[in-house]
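Two complexes, one shared chain (chain A), two partners (chain B, chain C).
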Partner chain A sequence: MTRLAVPKTYKLYIGGKFPRSESGRVYEIRSHGGDFLANAAQASRKDARDAVVAARSALGGWAGATAYNRGQVLYRIAELLEGRRVQFIDEIVQTEGVTPAAASAQVDEAIDRWVWYAGWADKYVQVAGNANPVSGPYFNISVPEPTGVVAIIAPQSGGSLLGLVSAVAPALVAGNTVVVIANEKMPLSAVSLGEVLATSDVPGGVVNILTGSPAEMAPWLASHADVNAIDLVGAGELDWVHLQIDAAETLTRVLQPENGPDAASPSLARIVAFTETKTIWHTKGLI
Partner chain B sequence: MSFLDYAPAPESQALLNLRSDYGLFINGEFVAGRGEPFQTINPATEKPIALIAHANTADVDAAVASARRAYDRTWSKLSGSDRGKYLFRIARLVQERARELAVAETLDNGKPIKESRDVDVPLVAAWFFYYAGWADKLDHAGVGPTPSSRGVAAQVIPWNFPLLMLAWKIAPALAAGNTVVLKPAETTSLTALLFAEILQQADLPAGVVNIVTGGRETGQALVGHPDVNLVAFTGSTGAGRAIARSVAGTDKKVILELGGKAANIVFDDAPIDQAIEGIVNGIFFNQGHVCCAGSRLLVQESIHDDVIDRLKQRLSTLRLGDPLDKNTDIGAINSADQLRRIRELTDIGEQEGGERWSPACVLPESGFWFAPTIFTNVSTSHRIARDEVFGPVLSVLTFRTPAEAIAKANNTPYGLSAGIWSEKGSRILAVADKLRAGVIWANTFNRFDPASPFGGYKESGYGREGGRHGLASYLKPASGRSAARTVAAAPAEASPELDAKAAVSRKKAAK
Partner chain C sequence: MTSSQLAMAQLNTGERALALLGGEATDANLRRYLHGIPGIDAVGLEQRAADLGSRSVKTSSKKWALDKIISLIDLTTLEGADTPGKVRSLVGKALTPDAGDPACPRVAAVCVYGDLVPVAVEALGSAHAAGSDVGINVAAVATAFPSGRASLAVKLADVGDAVRAGADEIDMVIDRGAFLSGRFGQVYDEIVAVKEACRRVDGSYAHLKVILETGELNTYDNVRRASWLAILAGGDFIKTSTGKMAPAATLPVTLSMLEVVRDWKRLTGARVGVKPAGGIRTSKDAIKYVVTVAETVGEEWLTPSLFRFGASSLLNDVLMQRQKMTTGHYSGPDYVTID
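Moving on, here comes the complex of A and B:
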């Protein structure tokens, strides 16, 4: 006789907590074969705004942490993801309808991506910044700093976990905080990733995960004055040109949609895209 | 005659050999514009200098077509070292004709000759010299191996540093292998057209640089042209916003250098004499027509009165008048429009309760002039503490603690520059870390160098000009359509089969 399973309630992840949508709305998630899996929270524009507030409050701490510390926290995500790989494989098999081997490969790649980006945290500044030989008695140095709050529309096709990780991890490296809209149709692994983040020493509010309709929430994030950058990597199916126009109002930095299996592939440029270069001049005394 | 009264010492205009009218510079030649030509005037006298052609949409089309042709047939095929040699030639020609360019700039813009002669034009030569050397070293620009140029660059520049902004735009664009269509500001086209003559002397291939003069709609036609690959703009945040909107949905690369409202923070342990000079240089350099001007003085409360007294004394020794006079510190406001805006904002400053002060100062009768002005008793909500005045107007605010200084400095949608004055190195570094601005000057202000990246945070725009970063803006990584492709061997490159196998073997290992 089989034991009756205890299904999980899938909720949002905002400010380190797992609230339901303030709207009370949910939407059905069904397996590839059509079986009911869960009622995911359908986040509203107010949830999106709450997430931005949480991300803004977490920014000082995360950006102010040492690069070594951020690297260790990102690496810790990989450690905990590794420990829960069975759960993620299970969810991916159910929602995406892929083979266990393919699901396993996706989880591996997601884990390895955290490891790869974790290693960049205390190095990218050395590669992206430099000392400048100005003509005069000045010490002059250019360093990249986090842009601030980054809104992300996660890839809506391809691996639901890998797409999310590929978009979120690079933004975190420099010390940005993130509000991400998960894969709409396959949001379960995103919510489970929130549970991993919550137990990985990632401070609450550094990553905020919304499930629901990107088409409904993205315009509010694009036009939000407290969002400094928006990554439209997964917005290819939306009216993303309008999102880019909305973002122009406060000169929000925009990354355009990417399609295909290569979307958000790992790169240093993805880290640097969410940084601002600060150049500091300091006089040298005449001796 | 007091010790402050100097005999007039005007720079000679004899070496200037201006034409009475100038055409557009397209495909290596001056051609007539199809719009209505307009006068460029000397803002210090309001006298006309020359008639400037007005490019209409068809002219902009012709200029872009010329740049595209030159890109396809000539410039993109040239070796980096040959591109570099052209830029070195240009740098040398600018040096040779430096005085002529300085006099023309001062005539057309109204800035003091000592600034155009000692700052603008030397930096123009330095900019071309710096980027000339980059042209055959693009692998080291930081965007990965064998990067490519982007194509045709549309560049729109402001009137505050006409020739210098031209150099900031054209030098890195050409070094990276792009061709250019540049639109100077309506009121300051003259030196760009003299520069076109320099390009002819340098024998730069026809069409590599095209210069279209005209008004706002000329710039809009250029920026919106479907055949440009990159848009570089320096100007107001309002115009930058419009550009960011207009390029949405295209793959045009955009570099925006927009407005600012920089805080110049003076701590009680600052070297006061240097700080006073720095404050003056920060806001009264170039009549305050500087996007990174230190227009908000944040002074620690305990030294406020002393700083203001010294500042007033120093301002009383500034000489305002004929920009061509070698002793002039403050020149003319560039245009009647700008003068109107400065007056409007300073009137509002008074209405909102700011205490206005200017030194006794006789303004010339013709031309556009505004006496150096400081406002004390300003609070953060005042328009003069929030809006970019773009004139010789300083707003003074106070603070008690470093944390308050940082909060006030960052309390603006802009983020272009900031200044810190303190003798304490650790304090400077800690405050510099917290300021959200792209350029920070510690115990100095308004320094520029071709090797030093310049550009803003937040609504001051994006992208950098100057240095290696400024070069990278004009380059495209070797492969892929997206900018996010600079890492050669990334883990994602592995094939799915290999990954699946790896997963299996890992399971085995785990057992």
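Moving on, here comes the complex of A and C:
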């Protein structure tokens, strides 16, 4: 007797839960060879709105956690990813049509990237912050603080897992919460990453993953008054100039699109891009 | 109006209760009457409420609903930490809910503790309705709110204070302990006495809202009985909850109270108001209530004299939705006040 395969339903990841799209829509995900793989939820602007609400309510807890704790939580994601590498390799081979060796290398690199960014959590402030020289008996200190809710259009080409991780991880380091639109054609590893995040120590709502059309959702996120920054790294194919203009209306910080294999390559600049510098003075002990 | 309604309309509250109860408002007569009311099909009620909550209200209808909701809000602050400054800023918000849009309607009333009524009245100034149809009312919670655990004399003094200070509306709580132990006569007498304490020196009355605190009444049947009791005793409004305990207002409970109000209108021709309070935080929820009112008692009830929302955080959500409809992009909490 043959056994009927049980295909997985790929849903969204919003506020620590896995809802279907509010619109009820799905779209077909096909393998590199054109075979049907799965139906993924096609998120609407209202799912994006719900994701921003979830991200906003998670911000206090995540930004308020100690830097050391955030580093531990991010490192824990790498640990869990390591345990599920077979699943990710399988999905990457199917959707991207690469060799298992190349897929394995991509998963390795994604895991290493989590570790690299996790390490920065309790260190970037020392590098990006400063004790400013003043001509008086007091301190003047500049410290970077998370900017808030960051919307991200994940890279739409290149490695589907690595691209997502490269865009999401740096925004999390400083304590921002994230709403990310995954790779439209290859979203399977993004949803599976959501499952990893849900079972790790990342509080619900800190990362929210939407699958579907960036062209449909990006304008709503760019003009959303409760989004503090938007990373257009994967928006090269969209009308991103208009997205920038919309974002400027509500003083949203913008990162421009990047193309090619080096898109969103690991850098301290990506961490600092999503921070605001607070400068304060403090009295010196005059003993 | 039918002939029986006409006959009822000519009676005053006390005579009407006497006629309906077939005798004095004693425990026994009230019990016979209230327990004679048909029971509620809880599953049917919840199903009906869920059904009414599933209507899709979009574009111009939604815009109308949002403006209507704002004009029906009793903007409330009932914290132990309330200060005159807090009340003044509440009044400011009641007068100008959205500083970015002068077309935004004002709320129906501000609701505060009795001792802060003078502050609210002074802050409202010429915008205070004070018995007229235009302007903003001042509502005060009284009768040892929220528990209602005080002697009748204390409760009446509480009410008298608020009315003398200029409150247009009094939100009283019923004695849930007495109600649940079957002392309906005591609850009835208390409402009658409080109503009398709402009388102003010029002979007019402050509007009386009777809070049933449905979260403590346990069953829909009790909610229906308490609603009848409050209306029989002369309440101008029946209100679900104090907002101090969960569950506060729910859609099924409000639906059952609206049904009582509808039946009372059929029986006597008189209109009684309904005020769900507590737990209504989103525009989406509030729109469900608007639909339920329109479908149960009719759209004529969607006026501040017959329907109110007791809410504080609801207003911000409605304003954000309203901004979304005017500007075309999603708004955020940075664009409304911090309460």
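Simple rule for what comes next: the second predicted complex is superposed on the first by the 278 of 287 C-alpha atoms of A that agree within 3 Å, B and C clash if a C-alpha of one lies under 4 Å from a C-alpha of the other, contacts with A are read in each partner's own complex, and residues count from 1 in each chain.
The working rule: a residue touches a chain if its C-beta (ideal position, glycine included) is under 8 Å from a C-beta of that chain, and two chains touch if they have at least 3 such contacts.
Note that the structure is predicted; figures quoted are calculated from it, not measured.
Participant: Between chain B and chain C, whom does A:Ile280 touch in the aligned arrangement: first, second, both, or neither?
Facilitator: first
Participant: After the superposition on A, what does A:Pro266 contact: first (chain B), second (chain C), both or neither?
Facilitator: first
Participant: Check whether A:Val52 is in contact with chain B, with chain C, with both or with neither, and answer first, second, both or neither.
Facilitator: Only chain C; A:Val52 stays clear of chain B.
Participant: Which chain makes contact with more of the residues of chain A, chain B or else chain C?
Facilitator: B
Participant: Quick check for you: in the superposed arrangement, does A:Pro133 touch first (chain B), second (chain C), both or neither?
Facilitator: first
Participant: Contacts for A:Asp226 in the overlay, against chain B (first) and chain C (second): which applies, first, second, both or neither?
Facilitator: Only chain C is touched by A:Asp226; chain B is not.
Participant: Residue overlap on chain A between the chain B contact set and the chain C contact set?
Facilitator: Looking at chain A, the two contact sets intersect at 249-250.
Participant: Across the complex, what residues on chain A touch chain C?
Facilitator: 49, 52, 56, 220, 223-227, 246, 249-250
Participant: What residues on chain C touch chain A, complex-wise?
Facilitator: Contacts found on chain C: 328-335.
Participant: Please give the residue numbers of chain A that touch chain B in the complex, ascending.
Facilitator: Listed in rising order, the residues of chain A that touch chain B are 101-102, 104-105, 107-109, 112-113, 116, 127-128, 130, 132-136, 138, 140, 142, 147, 166, 228, 240-242, 244-245, 247-251, 253-256, 258, 262, 264-270, 273, 276-283.
Participant: Spell out the part of chain B that touches chain A in their complex, as residue ranges.
Facilitator: 126, 142-143, 237, 240-241, 244-245, 248-249, 251, 256, 258, 413, 415, 428, 432, 437-444, 447, 449, 451-455, 457-462, 464, 467-469, 477, 480, 482-487, 490-492, 496, 499-500, 502-504, 506-507
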